[in-house]
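One chain, chain A, appears in both complexes that follow, with chain B as partner in the first and chain C in the second.
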Partner chain A sequence: MKAAVSLIVVLALVVLAYLGTGLGQAGFIFGIVLPYLALAVFLVGFVSRVLGWARSPVPFRIPTTCGQQKSLRWIKHDRLENPFTAWQVIGRMLLEVLFFRSLFRNTRMEMHQGKMTHGPSKWLWLGAIVFHYSMLVVLLRHLRLFTEPVPFFVGWIEAADGFLQIGVPVLYLTSLGLLAGLGYLLLRRLFIAQVRYISLLNDYFPLWLLLGIGSTGFLLRHFVKTDLVSIKSLTLGLISFSPQLPEGVHWLFYAHLLLVCTLFAYFPFSKLMHLGGVFLSPTRNLASNNRAVRHVNPWDYPVKVHTYEEYEDDFRDKMVAAGIPVEKQPQPAAAAEKE
Partner chain B sequence: MHDSGKIIGGLVIFVAGLTFPFWFTLAAGQADYRPDPERPTGQKHCVEDTAYMKAWHMDLLDHWRDEVVRNGQRVYLPDKRWPCSRDEDCTGGFCQQGICRYDMSLTNNCLECHRSRARFCDRCHDYLEVKPYCWDCHLAPEEE
Partner chain C sequence: MAKATFDQMEYYDPQQIAAVSHRPPAGGWMDTPVEFRPGTWIYPGKAKHLEYLGLPNPRDWAVTDEDWKLPDNWKEIVLKGIRERLDKYRSFKVFMDVCVRCGACADKCHFFIGGGDPKNMPVLRAELLRSVYRNDFTTAGKILGRLAGGRKLTIDVIKEWFYYFFQCTECRRCSVFCPYGIDTAEITMMARELLGLLGIYVNWVIEPVANCFRTGNHLGIQPHGLKDTLEFFAEDIEEATGVKVDIPLNKKGADILFVTPSGDFLADPGTFTCMGYMLLFHELGLNYTWSTYASEGGNFGLFTSAETIKRLNAKLYAEAKRLGVKWILGGECGHMWRVVHQYMDTVNGPADFLEVPRSPITGTVFENARSTKVVHIAEFTADLIKHGKLKLDPSRNDHIRVTFHDSCNPARAMGLFEEPRYILRHVCNNFYEMPENTIREQTFCCGGGAGLGTDENMEMRLRGGMPRGMAVRHVQEKYDVNQLCAICAIDRATLVTVCDFWAPGVKVTGLHELVANAMVFEGENERKLNLRLEPVDELREEAGNA
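And now, the complex of A and B:
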């Protein structure tokens, strides 16, 4: 149901683009107004979400038991899983951001011959890594439409990505990787009962949206071609703030663009904010040095304390009289009396 | 611990990266550049409609390649029937029964009319960072 609703929303967006630019003449709205609007919402939304997070104090370190904490010299310290210094933290963050270390820890529980067993489960990690890296490459490849001159590395990426030279124009491996990764991430939500149970509308919607973007993009490259020179004149116009609408561009391009605008505008309000959030996870980005460094809670207010020494000073005579041992003996006074 | 310094630094890097196309293109000062593929002199039309050629020429070439290499077919009858009276009306092909037919060949057809690869094909391709590998084997006629 939730999956169906979010699919319908994405399809409705495609139909909207068709009505607007295939039948109607609303290219100005779909090609110029919405892209600017979406980018503005994205930038303002993203920055204010992150600043909001930055405002919440994180006074204490949260050691997670992924590896041996730094301890005595003869106990082997796991530097990357339980970092102690800033560089080690950077190492752990790189593992997390570049290789999805935490997802790699994923395990599954299963009944095996009547016993509960835990085993590694790497499919989620694989699907995620394939999708994310494909997405990165696809984004970088799109720079050819958004820059003039095109930076040198875009050509390198294209050459590496299309090295199988299948078809004309060549098929890029990351086009397939993107769709396959997303497909897996969607299917696991649909077919694994436990995962389906915890899946929400805002889990399905980004997946369908990204699948919509990927498949319209794939169609535009290989099956529903339209003049790319005109399209680049539109994008460069947007970039240089002197937009001009080219003629004769296929409506499917506007559908692709509308889905991308939706993604941008939706991004700051969605789980996709893990793009920024991963850098701010306190269990990952703080050195686990609680045993060596005292972390003082910044919002502690001054508490009025009465120490044991002061207590003893108040009641020393009575304590001695009652036979309670005291730390500081009432010696000097007694000695003076004897003299 | 707020670490606002680091977080704001990270945000600045993120926004700078995201807006890379804007400042890069503006700094290079070529945002209003549009490629100007040289129009052939003398000929009035392409093999197919111009709009079709702009978007689909690579598929036409792919189709031709298969026809020639796999099926041994070398003559192409365009969907668009270009009228002609003699062979000279159909550069890169010939005139038969008043309609142009073309030689399915990269060098002997396209580059017969579009004489310069550099001033025609490459102008568009450079603009969009397209690097067809065809030229690894196929030759463009010597540039004048």
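And now, the complex of A and C:
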């Protein structure tokens, strides 16, 4: 149901682009107004979201330690899984951000004839890696549309990505990787009962949206073969703030662009912000050197405690009777009264 | 024999519990109200404890009551509480925003594994709170409500929070696997603080807190009682070893203040570990002291609120200062070490009146504790063994085939893995690890941490203990393991039940019980009895026959 609703929303966006630019003459809105708007929302939204997180302090240093602590000299310290210094933290974060270290640890609980196992399970990690890196390469390849002259490395990336030399224009591996990765992430959400149970509309929507972007992009490159020169005149115009609307661009390009604009505008309000959040996670980005270096809580305040004096007042007689040393001897007057 | 009741282990059948289904129900989780089944929840905090601590809305009530007697403006209190915590904790804010619901955490939680309730998947436990956050604190949620995953805050939501945030042991296993390091313990702590604003606590937590505030320890042992207890231990020690240990109590001018969880004073087998410490310190001739005022290493404040952590923890430094010791040595405890390692210096430091800890026996300076000035007993003892300062005869433990349970907090909040293992290998000849995905940072909780280890919660304890219990059974079947060693007082209390249920025949022990049983003392007797006063010969024979 949630999956269907979000698919319908994405399809409606495609239809909207067709109505606007295939049938109608709203190229100005779809090609110029919306991209600027979406980019503005993205930038302002992203930055203010990250600043919003950064505004909240980190009162306690709470890393999750996943390896041996640094203690005695002769015990091997696990620098990356239990970092003690800033450099070690950077190492841990690089592993996390570049290689999805924690997800790589994933296991799967299974019961066989009353026995429980927790074997390794790498599919989610693989799907996530394939999708994210494909996405990155696809984005870098798109630099060709936004730069003149095109930076040297874009050519290298394209050459590597298309090394199989299949088809004209050549088929990029990451085009397939992007769709395959997204497809896997969508299928597991639909077919693994537990994952389906926890999924919200906002989990399906970005998947359909990205699938829509990927497949319209794929169609534009390999089937519709829209005029690259006019598209590049549009994109270069956009980034040099002198936008011009070229003639003869296929409506499917505007559908692609509308989905991209939707993604950008949606991004800061969604879980996609994990892109920024992963860097700010206090269980990962802090050194576990708490006992060696004091961490200060900026909002620390005094609290009501039960002081030793109050404690001794409560128990002095019993302490004295038991021969436990006290600071203040019992009042002789009180003792006399008792007698 | 009387029929067992829901708060007794015998009431439950391991096969039936192991047949748990993990298939989620048909209806959506937002529309499934909580069902309070006996054996799965904990009695509420009594009014007198809340009053003593000055906590809001003290009253006596029952979980099964329709009316929980909340303040009229309960909703406003909770929403304001969320706002405040979002502004005070980056962790909370980020964790509310970045979850992608990938589900990697689901089968990492011992309560979900053993219970199958989808709301015990860490992701969904967090969503219980996150849905309210989205509804009232995010733009999308305010406009789209349920479409954006938002949910209105109602009394039923509060009841659901109570149920599920007291079905989380704050063990942090899920946070090891989360690609963004989302820590359910942190979310549970926030939720429990929010419930606390309405006066909703569980008695198993808040009574120890009140006790600790007044008497210095969770169990409410008064100073003379503690002295009696330690003297009683000294008698048993003498019977077992022939060694007469002294009991320095509130001693000014000692070098070291020793603090351990009070569970070690009261309940077997923790008591034997306590005797182990006493023997070790005696043999070393350590100038140390116990304190009746700071007689609790644990800190149930961790299961209550950040403020309560600070209120209870303050005693440790205050007492160290009053007695004029140089540094603090901490005993075998789990959550105590989360507090000592990650909170103590921040909430009650800097401890500039103490010295950087240095072992008076080996001269080793514990640089890793140079600011907090608290050393873990496993660090201390491992260093002693490394320097050859202990005379050990591990064959004295040859009837023991032991496995080691990493306690959640020393594992995932410290990374104390090798120190206890090093000690264990030197005091036992037969040490076997449980399967690798159930130890070290991936260790499974005992099912009774974070204040859940009470008998009325028996079903959840047994379910939550299932993954650990099954791993114990595995080494029991494969290697004839007959003892499980744990460096946590809650483990030593609750794993006894878990082992009896899931791996009957496996006994629970502490590390320093094994150390003391293997130690050769100056002037000892023939050592025919161990610290449990069991005849060692008979145990050997039994083990030989097994």
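Everything that follows uses one rule, which is that the second predicted complex is superposed on the first by the 300 of 339 C-alpha atoms of A that agree within 3 Å, B and C clash if a C-alpha of one lies under 4 Å from a C-alpha of the other, contacts with A are read in each partner's own complex, and residues count from 1 in each chain.
By definition in this document, a residue touches a chain if its C-beta (ideal position, glycine included) is under 8 Å from a C-beta of that chain, and two chains touch if they have at least 3 such contacts.
Computed from a predicted structure; not experimentally measured.
Chemist: Is A:L280 in contact with chain B, with chain C, with both, or with neither (first, second, both, neither)?
Modeler: Touch status of A:L280: both partners.
Chemist: Of the two partner chains, chain B (first) and chain C (second), which one does A:V229 touch, if any: first, second, both, or neither?
Modeler: First partner only, chain B.
Chemist: After lining up the shared chain so the two structures overlap, which partner does A:I239 touch, if you call chain B first and chain C second: first, second, both or neither?
Modeler: The first partner, chain B, only.
Chemist: Which partner does A:P169 contact after superposing on A: first (chain B), second (chain C), both, neither?
Modeler: Touch partner of A:P169: chain B, not chain C.
Chemist: For A:R144, using the defined touch cut-off, is the partner it touches chain B, chain C, both, or neither? Pick first, second, both or neither.
Modeler: first
Chemist: Is A:A86 contacted by the first partner chain B, the second partner chain C, both or neither?
Modeler: A:A86 contacts neither chain B nor chain C.
Chemist: Quick one: classify A:P57 as touching chain B (first), chain C (second), both or neither.
Modeler: It touches chain B and chain C both.
Chemist: Per the overlay, which chain contacts more chain A residues, chain B or chain C?
Modeler: It is C that touches the greater number of chain A residues.
Chemist: Between chain B and chain C, whom does A:F269 touch in the aligned arrangement: first, second, both, or neither?
Modeler: It touches chain C, and chain B stays clear.
Chemist: Touch check for A:L23: first (chain B), second (chain C), both, or neither?
Modeler: Once the two structures are laid over each other on A, A:L23 reaches no partner at all.
Chemist: Enumerate the residues of chain A that count as touching chain B in its complex and touching chain C in the other.
Modeler: In the superposed arrangement, which is not itself an observed complex, chain A uses residues 53-55, 57-59, 280, 295 for both chain B and chain C.
Chemist: Given the complex with chain C, which residues does chain A contribute to the contact?
Modeler: Residues of chain A touching chain C: 49, 52-72, 74-76, 78, 81-82, 96, 100, 102-103, 105-109, 111, 114-119, 124, 128, 192-203, 269-271, 273-274, 277-278, 280-284, 288-297, 299-300, 303-308, 311-312, 314-315, 318-319, 321-325, 327.
Chemist: Can you name the residues of chain A that touch chain B in the complex?
Modeler: Going through chain A, the ones touching chain B are 43, 46-47, 50-51, 53-55, 57-59, 143-151, 154-155, 158-159, 165, 167-170, 225-229, 232-233, 236-237, 239-240, 242, 248, 276, 279-280, 286, 295, 298.
Chemist: Taking the touch rule as given, give the residues of chain B at its contact with chain A in the complex, in rising order.
Modeler: So the residues of chain B in touch with chain A come to 1-4, 7-8, 10-11, 14-15, 18, 20-22, 24-26, 28, 30-35, 51, 54-56, 58-59, 61-62, 124, 127-133.
Chemist: Considering only the defined contacts, which chain C positions touch chain A in the complex?
Modeler: Interface residues on the chain C side: 15, 18, 22-24, 29, 54, 86-95, 97-104, 106-108, 113, 118, 121, 123-124, 127, 138-140, 147-149, 172, 175-183, 186, 213-216, 222-224, 227-228, 249-252, 292-293, 306-307, 310-311, 314-315, 318-319, 322, 340-343, 345-347, 349-350, 364, 366-372, 374, 379, 382-383, 386, 411-419, 422, 435, 437-438, 441-442, 466-467, 470-471, 474.
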